[in-house]
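Residue numbering begins at 1 within each chain, and the chains themselves are lettered A, B, C and D in the order written.
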Amino acid sequence: MATVFRSKLLISKLPPRLLLSRFLSNGSSNSDSAIGFIGLGNMGSPMAKNLIKSGHEIIIYDASRDVMDDLKQNGAETAQSPAEVASRSNRIITMLPSSPNVLEVYSGESGILKEVQENSLLVDCSTIDPAIAKDMSELASGKKAMYLDSPVSGGITAAAAGTLTFMVGGQSEGFKQAEQILQHMGKNVIHTGAVGTGQAAKICNNMLLAVSMIGTSEAMNLGMSLGLDAKMIAKIINSSSGRCWSSELYNPCPGVVEGVPSNNDYQGGFMSALMAKDLGLAQNASTSTKTATPMGSLAHQIFRIMCNKGYGQLDFGSVFKFLQDEGSK
Amino acid sequence: MATVFRSKLLISKLPPRLLLSRFLSNGSSNSDSAIGFIGLGNMGSPMAKNLIKSGHEIIIYDASRDVMDDLKQNGAETAQSPAEVASRSNRIITMLPSSPNVLEVYSGESGILKEVQENSLLVDCSTIDPAIAKDMSELASGKKAMYLDSPVSGGITAAAAGTLTFMVGGQSEGFKQAEQILQHMGKNVIHTGAVGTGQAAKICNNMLLAVSMIGTSEAMNLGMSLGLDAKMIAKIINSSSGRCWSSELYNPCPGVVEGVPSNNDYQGGFMSALMAKDLGLAQNASTSTKTATPMGSLAHQIFRIMCNKGYGQLDFGSVFKFLQDEGSK
Amino acid sequence: MATVFRSKLLISKLPPRLLLSRFLSNGSSNSDSAIGFIGLGNMGSPMAKNLIKSGHEIIIYDASRDVMDDLKQNGAETAQSPAEVASRSNRIITMLPSSPNVLEVYSGESGILKEVQENSLLVDCSTIDPAIAKDMSELASGKKAMYLDSPVSGGITAAAAGTLTFMVGGQSEGFKQAEQILQHMGKNVIHTGAVGTGQAAKICNNMLLAVSMIGTSEAMNLGMSLGLDAKMIAKIINSSSGRCWSSELYNPCPGVVEGVPSNNDYQGGFMSALMAKDLGLAQNASTSTKTATPMGSLAHQIFRIMCNKGYGQLDFGSVFKFLQDEGSK
Amino acid sequence: MATVFRSKLLISKLPPRLLLSRFLSNGSSNSDSAIGFIGLGNMGSPMAKNLIKSGHEIIIYDASRDVMDDLKQNGAETAQSPAEVASRSNRIITMLPSSPNVLEVYSGESGILKEVQENSLLVDCSTIDPAIAKDMSELASGKKAMYLDSPVSGGITAAAAGTLTFMVGGQSEGFKQAEQILQHMGKNVIHTGAVGTGQAAKICNNMLLAVSMIGTSEAMNLGMSLGLDAKMIAKIINSSSGRCWSSELYNPCPGVVEGVPSNNDYQGGFMSALMAKDLGLAQNASTSTKTATPMGSLAHQIFRIMCNKGYGQLDFGSVFKFLQDEGSK
């Protein structure tokens, strides 16, 4: 609800769309300059290293001095603020934890937009509210720059291996330029449509993932209560219509699939707290678009309760454990 | 709740288990006689025809005269009651709509158990409460017969094509005999464990199926509300962690997957009313085993409301339509 | 699902209803004999003592020797089985934990119905599945006795104080006789309709109670998260349309209402495990009557998870605590 | 999620809090001037008329010419914009449909804050996101004016009768001034705490109201399915622990309580679409504060589906009807 009208608040006197879509194709080329990279956490750091490996110069910024030092040793140049990155590079990747960080890094007092060069390409890989992505795009347009939302799937492992999937929302001209960069960090770079649709694709996928993970956990628990062997349940489901990624490749019941977090006390993997965050974004988007998502909503609540009860840092498959009877009736 | 203690009510003075497990292996063979078949509805009728095609003689009973006449023209012999079938055959298949029918056909006044022969094999393909299956097994044991629960998946199409999957619960000796018969009606015959586990496997799978179908519908609806193209959403999900049978092979959004009910106004397929029934069984089983199944429970309620609002005879993918905004705020 | 057809299994050759409704009014009087009382737990024991105080002789039975000894010192006579109670008394009260116990005590091998006298009045104060109540009524009718279901509200405190509310389902003639006895143990004796409706009234009330207790807990938690003082939230709600018994008289947030379990670490009161049981009965009844109860269903799941996580022995207001953030994200 | 960081975006260089809390008590008095009133819809119009009746001069603005003409005939003066109202009055009431309207009327191009006088009192009676209320308060403080959030309960009837309840969030000095005005339009004016807590109180109450209304509907439906008379169910509940405002004073089952919308085909009353809006605010607040509200969340989804299926303009008690079986299985 809150976000849908944000653009009304922020935009005023923007150049017409037609100008916007033309400005990046009028001869200028961004391809020679260093690439800016802001946000070097668990995801951003390995992504930036892959860019360096592919032969690119990068200029980095992160709120943490330590992570910058680490990248510096890999050959990165450093800047003192997002604004400085923007003043020295016209192609910038951002990878930030959540919407408020994106607002700060783009439109804060020393944010990118303070110093952004005309015709710059801004590729935001954070997972945020699609409405914020649209706002950032409008603000960038006001500075004759282009913003694309480009959230990723694959997690830390794929970030390190350079096999992420990028879901990119924004104009085609921008997508083509972004693809040249993103391909060095991932194996799939998909153009999902207008700006914001990258985020939309991400949260729709993750909402369904959460729903089917909880559903899988319930089916495994119920089957075992009814006397079925765990592997037998998984075998039946995976050869039937209940089959899903969670049951087949990431089964939350220990002992069913090798090498997944459920076999390692739910360490590693995709944390419940992050799933709760993504489900919150999905609920915000559902509310503002008046879309009915009863299962997604219940999934959000279940992961919220799990976070409240100490499961936040465990892999999201720990919902299997959360639902189990711990013997104290 | 109600069902867990049923066996206490029904059983008394049963022969010891050891005797039971021995009696079918003591030399007698059922393999030459005609096969009984009770329940010739949408599923039972094509199944029985496949048995005839495979060269077996069958003796049939159904409450409806008409369906018996149809099978008679295919070469079946008819009986006047389940009891008569039991008196003339020692291998009997039953395929009935729900638990009360199974009670009636097995333990009713002219039911199978009135006339069942010693060492008979009773294979019940109905989808019912696992606790009822266990009760029937106990009653059959009391008559020195063996009951197996063997619900199917695949629906009418697979019944006609002889490609059903059978999930068989019961003792191994019985399973081996049953497999000889069931293989003529299906492509997979799986031994799931003790009696009742066939039903357990079925309802666990269908519970997860319902959950992921609703989740898929929500993700499709939300993505479209956010400006994504329907096929694009499906493409992203199906190459990501949200992938499930419902999103990939049976997508509930019209125009995404060819040849599925969503492209035919949700005609054909697996009716919402039947899904509501299966989810009711899953809830009964969850309650009696004190298993937490929040998603399965909400799925049950959603299909119940759908039935109440006129979606009962539509394919269960119509939940996509049910959740959509019909323009009347 | 399982329970709806139960009567089909149990009843056969019952005397016609007309006879049944006549037999209690044909002149015989039960009013002079001792009253039987079976089930002397936390509820039954104080109830039986109130009966004794009111000047009645009682004949008791309980599975536990100890509780019988206690009542014996209060002047009760003892029996060795429900059947013996029935042979010595034609007015019997039963107060049992759940449906299986009722089945055992009424229709078990040494159950009431083995020795029940014609024209006996059987008043069952247990909270059980309404379908089981109907079954017991049918079985009693077969023995020319009358069974009434008469669950109570008010809990242990009201049982001791003799201020219970009885919700009595069954024929009017029986109700009038039962009222003479029940009035000594409660302040309200309500005739709810046909047999089974006492249970129906009880589970409908308790389902709504659970829903509004969880809703109250959420509203209190949310208000506090938003900076409101706990007593202020309660004050606003209780003078507005959110007002309910749970917010007003039994507020689950510590410090808001004096003398309730939330101020005593959720000790005493009505245990979550019992609420989970009642909600399970409500779900069974919803499923078998095809009634949509989405909130009741979610409430059931929440109390089930609470039981699984160690809240089973706490007052049901502890859902407030269960939902709270415990600081470990 | 989106709203929590909004203040970071909007505020900069605000005068210190201490100054803020002092400025209204430094001798100036607002009590003689005309009162501004912006937003004259179904609620605002009767409220403004009550202000006139109490002897106040008012200066009005509404986007609709017609509603202004109506009030003009009652003696109101008119202005051409919120800004003009602010230039002519230092005490302003606003009553607007939702958050975007509040943003427009306060911080839009011809909004109140463009022309607001120092020491003005701004009392916003709209029901909006508490985070927006805090933002408006910060913006007003920047202009040395004071903003209070003051949502109401009681609906159109109470607005006309002058018996509304006002839940006022903001500093005490402001509350005292506001109370002088609000008392002419309502019977209860409650100071709930800091700015935003008025909204918090409103959405907590309405969330619980929605939960208990759906719960009441389910209990009524289930009881009737089980053979209870509707009035009997209500009687039992209302004398037991399930009692709530919805069951007692606003029962959603036709024929139980006289004079409520359920007896008039759910015409009048509080529309489902408005309840869906309030529940959306509650969910936004739950998500941003990481509060678990599973029942509130499901209630939101149920009213969302109802809106999608054509119940949006009916009283929110129509959830009783929505859940009922319409006979088409």
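Please note the rule applied: a residue touches a chain if its C-beta (ideal position, glycine included) is under 8 Å from a C-beta of that chain, and two chains touch if they have at least 3 such contacts.
Protein names from UniProt, one per chain: A, B, C, D = 3-hydroxyisobutyrate dehydrogenase.
Because the structure is predicted, anything quoted here is derived from the model rather than measured.
Student: What rotation angle, rounded to the nearest 5 degrees, superposes the C-alpha atoms of chain C onto those of its identical copy chain D?
Tutor: About 180 degrees, rounded to the nearest 5.
Student: If every chain is reduced to the average of its C-alpha atoms, which one ends up farthest from chain A?
Tutor: With centres defined by C-alpha atoms, farthest from chain A sits C.
Student: Report the inter-chain centroid distance for chain A and chain B in whole angstrom, where each centroid is the mean of the CA atoms.
Tutor: The mean C-alpha positions of chain A and chain B differ by 41 Å.
Student: I'd like to verify one number: the distance from the centre of chain A to the centre of chain D, where each centre is the average of its C-alpha atoms, in whole angstrom.
Tutor: 36
Student: Taking each chain's centre as the mean position of its Cα atoms, how many Å separate chain B from chain D?
Tutor: Computed from C-alpha means, the inter-chain centre distance equals 52 Å.
Student: Which positions in chain C are in touch with at least two other chains?
Tutor: Chain C, residues with two or more chain partners: 290-294, 298, 302, 305, 307-308, 323-325, 329.
Student: Indicate which of the five shapes (line, ring, star, complete, other) describes how the chains touch one another.
Tutor: Graph shape, chains as nodes and touching pairs as edges: complete.
Student: Enumerate the contact residues on chain D facing chain C in the complex.
Tutor: It comes out as residues 130, 153, 165, 167, 188, 190, 192-194, 196-197, 200-201, 203-209, 211-212, 214-216, 218-223, 225-229, 232-233, 235-237, 239-247, 250, 282, 285-286, 289-296, 298-299, 302, 323-325, 329.
Student: In the complex of these two chains, what residues of chain C are touching chain A?
Tutor: Chain C residues touching chain A: 273, 298, 305, 307-310, 312-313, 322-326, 328-329.
Student: Which of the residues in chain C come into contact with chain B in the complex?
Tutor: Listed in rising order, the residues of chain C that touch chain B are 1-6, 8-9, 98-100, 103-104, 107, 129, 131-132, 276-277, 280-281, 283-284, 287, 290-294, 297-298, 300-302, 304-305, 307-308.
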